[in-house]
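Lettered A, B, C, D and E in written order, each chain numbered from 1.
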Amino acid sequence: VTGTSTNTSPPLSGSITVFAAASLTGTFTELAKRFEAKHPGTTVNLSFAGSSELVTQLTAGAPADVFASADARNMARLTAAGLVDGEPVDFATNTLEIVVPPANPASIATLADLARPGVKTVICQAKVPCGSATVAVEKAAGVTITPVSEELSVTDVLGKVTSGEADAGLVYVTDVKGAGARVKGIPFSESGTAVNTYPIAALTASARPAVSAAFVRFVVGAIGRSVLAAAGFGAP
Amino acid sequence: MTLAFSASLAARGFDVTLDVARGETVAILGPNGAGKSTALEIIAGLLRPDSGHAEWDGTALFRLDGGPRGAWLPPHRRGVSLLAQDALLFPHLSALDNVAFGPRSAGVGTDAARATARTWLAEVEASDLAAVRPGRLSGGQAQRVAIARALAADPNLLLLDEPLAALDAAVAPTIRRMLRRVLEGRTAIVVTHEVLDALTLADRVVVMNRGVVVETGQTREVLERPRHPFTAELAGLNLVLGTRTAGGMAADWGELVAPAASIVRGAAVAAAIRPSAIEVSLEPLPGRDNSVPVTVIDLEPRGDSIRVRADSLSADVSPGRAAALDLAPGDRVFFGFDGEDVSLYGSERPSTLR
Amino acid sequence: MTLAFSASLAARGFDVTLDVARGETVAILGPNGAGKSTALEIIAGLLRPDSGHAEWDGTALFRLDGGPRGAWLPPHRRGVSLLAQDALLFPHLSALDNVAFGPRSAGVGTDAARATARTWLAEVEASDLAAVRPGRLSGGQAQRVAIARALAADPNLLLLDEPLAALDAAVAPTIRRMLRRVLEGRTAIVVTHEVLDALTLADRVVVMNRGVVVETGQTREVLERPRHPFTAELAGLNLVLGTRTAGGMAADWGELVAPAASIVRGAAVAAAIRPSAIEVSLEPLPGRDNSVPVTVIDLEPRGDSIRVRADSLSADVSPGRAAALDLAPGDRVFFGFDGEDVSLYGSERPSTLR
Amino acid sequence: MVAVAAVGALFVLLPLAAMATRVDWANFLALVTSESSVAALLLSLRTSVAATALCVVLGVPMALVLARTTFWGQRLVRTLVLLPLVLPPVIGGIALLAAFGRQGLLGHTLELLGIRIAFSTTAVVLAQTFVALPFLVLSLEGALRVAGTRYEAVAATLGARPTTVLRRITLPLVLPALLSGAVLSFARALGEFGATLTFAGSLQGVTRTLPLEIYLQRETDPNAAVALSLVLLVVSVAVVALTLRTVPGPAGAP
Amino acid sequence: MVAVAAVGALFVLLPLAAMATRVDWANFLALVTSESSVAALLLSLRTSVAATALCVVLGVPMALVLARTTFWGQRLVRTLVLLPLVLPPVIGGIALLAAFGRQGLLGHTLELLGIRIAFSTTAVVLAQTFVALPFLVLSLEGALRVAGTRYEAVAATLGARPTTVLRRITLPLVLPALLSGAVLSFARALGEFGATLTFAGSLQGVTRTLPLEIYLQRETDPNAAVALSLVLLVVSVAVVALTLRTVPGPAGAP
């Protein structure tokens, strides 16, 4: 797969709307800019929200051309609704990492430390994507975390740690990277047992299928790969 | 009849029939809670009676005899303007614009309406208050502006609820005079507690008590020959009710000598006696036709005389005489007066009024 | 002096000094907007004057001479009860509980307070209204309950703002009598438009106009010898102001013959003439000491006489005489009266009152 | 005019009705009686009652001070006090964290006193109070201003001390407004989501109130979310309708 | 009492102040003048103004009908109309979708008319109107009830037709309440988040209002989120403080 298109018979033009998972905010903003630069005459509008929120909007008729989900399950919901044009393509993966405040007040080093009594750990609730990943790593490590809060989104987990409220949390690698110096990431060995895959697809309702397809190819292509990798996403 | 009104409202024990001829001014008198304000509110269309009907100059104001879902003309289409017991000036408008409100509602332009308003403000001697908001007016000032506002609306029927109650002694005569002038030829109903208002403003009076009409008639006639104690009190007369006898009448406290009016014996009669016609003495007064033993209840100084209120009658005596008698409440004294000072008349109206 | 009061409030053009002795009842008279209610509100502590001071029985009510940040006793600690111009009954309490409010605030138990309240309701003839909420009372009924409430608080100083204004003719005398009884020996200030109230209730009157005191003195003295046109109007007297001459006084419309009182020539004098002492004639009246040509402004029927208002004077004539004269506004007539009917006195008070 | 009013009412009522049509009535009972739903509902009721009580305790004096005194900067204080009404709740949550969080302004002090707010039911109550308080203050202050000080002045001249005036005149006069303010506060607390999420977290039985539970269910089971929303809606309607005695209708005629 | 009031005020003011301390002042200007921030602020202002206008147009007749007429089921209607006040906004968004979405009750009808509401700027305005309308209705209805019908009755007896009474008496009398209701509506619309996200989506320049932008920034740049929150807060305060003339203070003495 290549990101350079040499055979663009008619030049691409027009605007498309991309619905992307909230965790893709930084990377997709960057990618959209680069895509527009490469294809003058195109505009990429971005709408970010939680993946499941976006699926709800799309099934309710939200006009969009491309959907990038943070997990396979939500993409499957959309496919089942008959809104996906062709097969979704996986374009990135994400794994969990322990996140602690920079000073690491509870001296966390391993996943097992999160289960220590007295440690205020926050995780995602099992029903949301990062939560199901959390359940998987717990099972693999044989650890049972008793959290002080089961958040509804990964952002809220991160928020509790950056604000210093919690001693530790489990978030995606990309979140740790995005938060920069405000947190410290602690990789753990069992993280590989729960790899979260990000699929992308053009939508049947797209008024500009050519541009939509080109954007999907662009994300999956080399430039997309490098931007995503820089943000901490793994290869599919 | 221009206004033919009949309505009852059980919640207030109100049941009144009332007629007003075109151009006539009727005064409603009566004690507190008699239903005077209620009558005006029903006529103005602000209060809905249980049943009844009213017609004004041929058009029905309401017709609720068939039950509460009958005809009902909304207040603004009645051509009736009500000056309520409290001034109720619109707080967000200046005195001038309050008065101009009626003309403006009738479709007159702003400037013309304001000119009319200025005229009426001048009539109530409130020209200097034109720019003032109601919140900054004293009680009597507000009342004057409210009078001007009611008059400026140029209503077919004008309802005034105690229009002069809050006015000072200096301005009251002026406004009374102005009212007399503007009520000339207009149809109006005036609620008042002042006999002077009734005398100067009204052609006819209606006396109410406990929700019903107890007397009605020409103002002077009713006030000179009251049949109801309230009316007598208002007119400043002693009223004695009883039965016609050969020499006069039998009151419940004895026989009263009075001139032989052409009233058959046994008929219910009323006698009116002016307090100033009564002499007060510590001894019986055999020289007088009537000498009534009474107990003094109260002494009330009034200007150039003192009113001696006793259990059944009141007398006015001069301050000098009062000092000489050295009266005090509880004293037993005699009230003397002659038959010619007693005005005797039938106490039942020809009509079926109760 | 029990109450020594002096205050000014520029926003209302108010500047008054007033003293009330212990046990004295003072009536404040004056036209609308004179500042009567303002005076009461300042004394009660509801309105803050710009400057001034007031002392009650040795304790300072306020002392704002040093500026607005001076001493200020809050209303509830003044022992002053105010019956405002509108009844302002607490809408969420029954009439009984309204009246019981004062005693309860003084620490009396519920039952005892209600008993007291019942007594006072009976005094104002409103016992049957005990259970009624204010929203369902007529104007006069509310006023009676308000009077009872003010009295039940048993204040050291009682302030009454037109207490009898809304009352009907039948109940007003009863309540006036009751007030007279309870004011006996109490310190009170009563604002009124009724000369009868001043005569029956007050030991002394204070006449206000445009924010200042214009007359003060013993009630009878002030009302018999008014020095201010408003007072004269209130007292029902003709007032003529002028200068003492040999034969009487010089008014601006000519010479007035009056008995030689011991007043030096050239002094400012006032003359009071009762309207009933004046004879009205179409021709000059040479037989009278005074025969004044006047223009009729208005004719006002009042009970057994008719008041003829002219440009400078008013006269009372009998209805028969009025009919014989066939008077109408605009007519030129002569008012005749004798010197002995003129009461002549100095028009400047010894004090520096203006 | 009535037609426009009807359009307005429809605009609000239609969505509510439409939502009701989305309810999976067959499984309704099962959906709303699941352990997590019941736990969330009970927690919501408990915390909302506590928050309402706190609103009354804090809000009544605030309304009195705002309505009955004048002080420098009063208008600014009033505006600021009303802000939570209009602030996106998530921002409110951030602000609460900044004040009462472990690293917040008061965090150290609270820590020393042994008080831990974060992740506790207390935090839920505080978040709800924060967003609901303005409702109470606003209703009550408005009513106090409208009622005016005339009756209070009369009471004072009858010898009533300020506390007596407050107890026997002021509060009874504004009781309807106080009640409706409390009901609105309760309902607002019941619906509070964003600030709770940010400030208190989301743990079943401790901090996960009904709105949070609804949000969570939406991820996996939109039917359950709609069913629970309906429950929340009905509870709100019931509370508001049962308690919110209308101000006694337009008093008769003049 | 004043002490309790101060505690209450502090409880609200402290978090707001604490948030201000979290602002990265060095980069403040850069953060709030980024293209997306400015776009979001402008969109927010435009839609909030439109929503406020809609609230006035719909809300004034609603308040009048609720305050001045009696009809069967009035109390229920009033309660339901006030619901958006207390409904979690996300649920409000779900309800709006259920009514106006493509698959909603009216979706088919609207589609036939060629009208697409959901996920457009119109949807933002509708979502804001939905949550803000009760503020206007509530303020105005209360004021109408308190003002009573006495002045209106007097105006009628002076010959004023109902429309004249409305224009010259009723509305001027409740103008302060109408103004403050409109300001509250505006501020609430400005802060609206949950319903907008669900019903309108989050597309820059089209539907991504300031609160949505803040939420999004939180994901990647909490500093920017706090800075933008402060902007929102300041705009709200300014609007409320500038327009919300207080009801003329307690009128003098009795």
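We adopt the following convention: contacts are C-beta pairs under 8 Å (C-beta built on N, C-alpha and C of every residue); 3 or more make two chains touch, one makes a residue touch a chain.
Keep in mind that what you see is a predicted model, and the values were worked out from it rather than measured.
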Point to revise | Furthest chain, CA centroid comparison against subunit C | key: A
Check your understanding: Looking at CA centres, what chain is most distant from subunit B?
Key -> A
Point to revise | Rounded Å distance between subunit A and subunit E, as computed from the means of their C-alpha atoms | key: 34
Check your understanding: When the C-alpha atoms of subunit C and subunit E are each averaged to a single point, how far apart are the two points in Å?
Key -> 56
Revision key, fill the gap. Per the C-alpha centroid definition, the whole-Å distance linking subunit D and subunit E comes out as 16
Review point. Which residue numbers or ranges of subunit E touch two or more of the other chains?
Key: 104, 150, 153-154, 218, 251-254
Review point. Could you say which residues in subunit C touch two or more other chains, in rising order?
Key: 46, 82, 84, 86, 88
Exercise for review: Would you give the residues of subunit A that are in contact with at least 2 other chains, written as numbers and ranges?
Suggested key: 56, 159
Point to revise | subunit C-touching residues of subunit D, taken from the complex the two chains share | key: 150-151, 153-162, 164-165, 168-169, 172-173, 175, 251-252
Point to revise | Contacting residues of subunit E [partner subunit D, same complex] | key: 1-2, 4-5, 7-9, 11-19, 21-22, 57-59, 61-62, 64-65, 67-70, 75-92, 94-96, 98-100, 104-106, 129-130, 133-134, 137, 139, 142-143, 145-146, 148-150, 153-154, 177, 184, 187-188, 190-194, 211, 214-215, 218, 225-226, 229, 232-233, 236-237, 240-241, 244, 246-247, 249-251, 253-254
**Study point:** Complex contacts: residues of subunit B adjacent to subunit C
**Key:** 29-34, 37, 85-86, 137-141, 143-144, 162, 165-173, 176-177, 193, 195-196, 199-200, 223, 229-230, 233-236, 274, 298, 300-304, 309
Revision key, fill the gap. As the complex stands, subunit B meets subunit E at residues 44-46, 74-76, 78-82, 84, 88, 90-93, 101-102, 104-106, 135, 149-150, 153, 155, 159
Revision key, fill the gap. Counting only contacts in the complex, subunit E reaches subunit A at residues 97, 101-104, 107, 116, 118-119, 197-198, 201-208, 216, 218-220, 222
